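We just call them A, B, C and D in the order they show up, numbering each chain from 1.
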Amino acid sequence: MNADYSQILKEIYEETLELQGQGRVAAYIPALAGVNPKQYGIAIQTLQGESFQIGDALLPFSIQSISKVFTLTLAFQTLDEALWSRVGREPSGNAFNSLIQLETEHGIPRNPFINAGALVVADCLISHFPNPLAEIVQFARKLSDNPTVNFNTALANSEREAGFRNAAMVNLMKSFGTIHNEVNAVLDVYFHQCSLMMNCLDLAKAFLFLANGGVNPWNGRSILTGSQAKRINALMQVCGLYDDSGEFAFTVGLPGKSGVGGGIVALIPNSLAICVWAPELNERGSSLIGMKALELFTTKTGISIF
Amino acid sequence: MNADYSQILKEIYEETLELQGQGRVAAYIPALAGVNPKQYGIAIQTLQGESFQIGDALLPFSIQSISKVFTLTLAFQTLDEALWSRVGREPSGNAFNSLIQLETEHGIPRNPFINAGALVVADCLISHFPNPLAEIVQFARKLSDNPTVNFNTALANSEREAGFRNAAMVNLMKSFGTIHNEVNAVLDVYFHQCSLMMNCLDLAKAFLFLANGGVNPWNGRSILTGSQAKRINALMQVCGLYDDSGEFAFTVGLPGKSGVGGGIVALIPNSLAICVWAPELNERGSSLIGMKALELFTTKTGISIF
Amino acid sequence: MNADYSQILKEIYEETLELQGQGRVAAYIPALAGVNPKQYGIAIQTLQGESFQIGDALLPFSIQSISKVFTLTLAFQTLDEALWSRVGREPSGNAFNSLIQLETEHGIPRNPFINAGALVVADCLISHFPNPLAEIVQFARKLSDNPTVNFNTALANSEREAGFRNAAMVNLMKSFGTIHNEVNAVLDVYFHQCSLMMNCLDLAKAFLFLANGGVNPWNGRSILTGSQAKRINALMQVCGLYDDSGEFAFTVGLPGKSGVGGGIVALIPNSLAICVWAPELNERGSSLIGMKALELFTTKTGISIF
Amino acid sequence: MNADYSQILKEIYEETLELQGQGRVAAYIPALAGVNPKQYGIAIQTLQGESFQIGDALLPFSIQSISKVFTLTLAFQTLDEALWSRVGREPSGNAFNSLIQLETEHGIPRNPFINAGALVVADCLISHFPNPLAEIVQFARKLSDNPTVNFNTALANSEREAGFRNAAMVNLMKSFGTIHNEVNAVLDVYFHQCSLMMNCLDLAKAFLFLANGGVNPWNGRSILTGSQAKRINALMQVCGLYDDSGEFAFTVGLPGKSGVGGGIVALIPNSLAICVWAPELNERGSSLIGMKALELFTTKTGISIF
């Protein structure tokens, strides 16, 4: 049961290095555009408490949309099923930042992992917590067992200044009445959560409760009910990678969540969580090397939920 | 390991009977509109060879879109990865019979489970098999271990006469060059496959190879490679219920496929396949009772792939 | 009042000849693809009975969508205002052969000049006339005062064989119940009307009643009421050139109708009708030289309805 | 030539009064929602210098989108044809405040009369004029020959606070790079121009240069070239009433522009301009009584550009 993933990580790392140069670092956020595209790390954290890593696995990076799993978890804790009157749970079939469905579907986002959905979740947190940013960063620290996790305020500000598309979404939803707080307050929470700096090991640890029935494995504290944890996994499976979700299910076959910083976290229920980080993205905004590394991981280990 | 599902089926059956009358039988196919809405059956077939059933589990019904899994499997056997140049593997985010993405995406359907995708798969089978209908019915018989499985020709003809929406799709794809055979030949295969009459037990048996790494459990014959079988499961997970796929993943959490005849088949990898049939549909065309029965099944057994 | 347009036609002809080679002959209809792209003619017919012409103005060509004005006129004669329950009268904002609005707007076309709208008009004529094709050809002969006008049956058949996009539209509308007759019957009428062979002078004459309050100027017979004639002109103004209508209004400023055969007919109320024919099309399917020739015509004469 | 329109205005006024109560005052702008729905006025101004009026023709109201003609004229004066690289000139086929085409067409609005287009025009004015608001109000005063015309700052602020939809549009266009100035600066100009308070007579006078080849008839000053004036008329004809433009062309047949304040201005080239104001709107945001009054005007006078 206590597999040694060191050799497999080594193989994956070597076989995928040749893909460097084939993707493109996210260019629309100035502070991200300057990231070194050669950085590359993988970390695995098992429920048995073992961890495996290779490359830049301890180098913090901007987790971007991976943070949507944290805020969704917080909102799900807080609102439980009532959350789903605010946001749907179907694949959108559109790009992560599309406004089209918002206009035709009365300002209710298809799911909490597209940007519009995460903005609604941020709005929910603002309504519920006096200090939502403190809540989010504390939660990320607790989940990753790393008290040094923090926002990158410079990055958040940089994104805020270029974040016209997200501002368009919040304004459009506000026009439908599906955002309850101030436009700028929602954007502020959103851009800060995206700026969270964590490394591969932090993220593998932080997702482990979802592989463990909602319970934090190292302290036994319940984050979500077992049913809730399964449901977040199911949502990640069908919409975690936007319009790459089908491809990810097809080639990797695990619940996962990507971010335009180049990170992808996936998990094997009752077993482990794995995070790959490589900043160059494919055309749909997923880490090009990350996709391939995770495909190799399930192929080489034979692990699958299907 | 050899669980007895008799009691659970009994509970599910009784708890869901009260939902009768809340959905609506598919009205757009005249021959389906006359189906008795009170029919209701469930069957389970395990890899250990046990079967469990309740209600009208042995009454054949029109499997409709469930047949798309059979034709996809045949095409996947034949074309392997080349199939994916003809059809995508992403959720559509639209209704099962929408033409909008076909127009904006050059006539290539998003996935093989929406109607447009299944029509392309039918086109592939026509190109490859001298007698595709014979191939399909033999395959359904082999998978279900039931040599009496057959098309309902009267139903196929009835659907053909009212099948303007599907005819629109084939013609639109033909205008893009993504259908290679005659429009009527493609429709003929499609409406016949939809008219296959099978009962819940047939379908549970027929899907079992997908829970068994692609191998037919009762005769050890390989239908698909293990990797191919997992990939079909992954596709069912993300697109098997059209724009109800997210809901199904969220509430049931298993790979599955629905048909407007009221059947839904789902499977638990390495364990079993289950088929529920109840003709009344919800607004997105899934069996209303079927959705609830499967949700109760995973809740009561605690089984989940997540 | 009796202007001599000979010199202006000569200037226009010479100034636009250099545009030959910049557009592309419609390729999707095999029989049209073989047309000599260098053909080019212009004809003017005035209410005073004078006519002016240059180039290939007496060479018959396939009028294609210009025929939609004839069938609309016939249907308007027959159904009067009841026609507008079957088809709208707004610009579509989409290409002439788009199915998207049909799907989202219950199978009712935006206006009678996009293909879907003309197919509905054809359906109306089939419901009303025992022999709609005879009716259409007689009407074209009567309007153009040319008894030799006829269908090009070979062309109609050629279009029918490649007409998958139009077949898709009729089937889609049929699925919504907004087409009353057989799919093939509707397509047959449509492809025949498109195959009508007329020359520039025929068409200038045939449109003259619309510049004359609905009355045929050479025999005083009323084709439409004055109000109806004005309304068809208004519709041509806002939707006669599909998604080139704004451009045409902006640069030419006259009511007009184009066809992918390369013809454009425009008219000046109370004055004249003018037809330009040059087969090479711009990206939106309008005759490239035709657009420029008509722009020069209104610029040089100073004529405008605005 | 010097017609007396007094009697016709009286008839129109009386025949349309019964329509009061059938439309709805624009509710989405708080300051407009409180307008007395019974207000109703008509004014005509002829090129010969005569004016005719009835009802509340001298009561100033919020001109809203009618202001788009003034800002377009200013931008056309300034940028001439270069303007059209910033905004299209085709009907949108969508509602006045839709974002869908912006997303699929790279942030370039279809025409200057939908909100997105007017926001781009406002952006052009900001780039060109040190004080665009002063420019706009001076221009409205000059065109209407009324030095008391002014913004309603309270209304502009009220709209600004509820203007999330317009804010969404500017942000979306900004994300495409098709807005050059600050989001708030653009919104500020736009909401101020919409708040201009003018009465029916002011507006009839202000549009008269468009019926006069671009020349202000009472002082002979050229506002636009004749060609430019015709082009604005053509644009009003095809897109002046958003998705009511086809209907307006069909039933009224004149170039015109509407505003959600309930005003509609139309003009007859070489003759006159007419403004109707009645705050109750139809479902597409046009004054319900205004549409009918103008239809009656062209029917009763027999005037038409077609």
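Throughout what follows, a residue touches a chain if its C-beta (ideal position, glycine included) is under 8 Å from a C-beta of that chain, and two chains touch if they have at least 3 such contacts.
Computed from a predicted model, the values in this text were never measured in an experiment.
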Could you tell me which chains make contact with chain A and chain D both?
none
Could you put a whole-Å number on the gap between the CA centroids of chain A and chain B?
32
Starting from the mean Cα coordinates of chain B and chain C, work out the distance between those two points in Å.
47
Separation of chain A from chain C, taking each centre as the mean of its C-alpha atoms, in whole Å:
55
Expected list for chain D, residues touching two or more other chains, is none
Interchain contacts, given as pairs of chains that touch:
A-B, A-D, B-C, C-D
Spell out the part of chain C that touches chain B in their complex, as residue ranges.
98-100, 103-104, 164-165, 167-169, 171-172, 174-175, 183
Touching residues on chain C, where the partner in the complex is chain D
88-94, 101, 110-111, 227, 229-231, 233-235, 237-239, 243-247, 249-251, 253, 255, 269, 299, 304-306
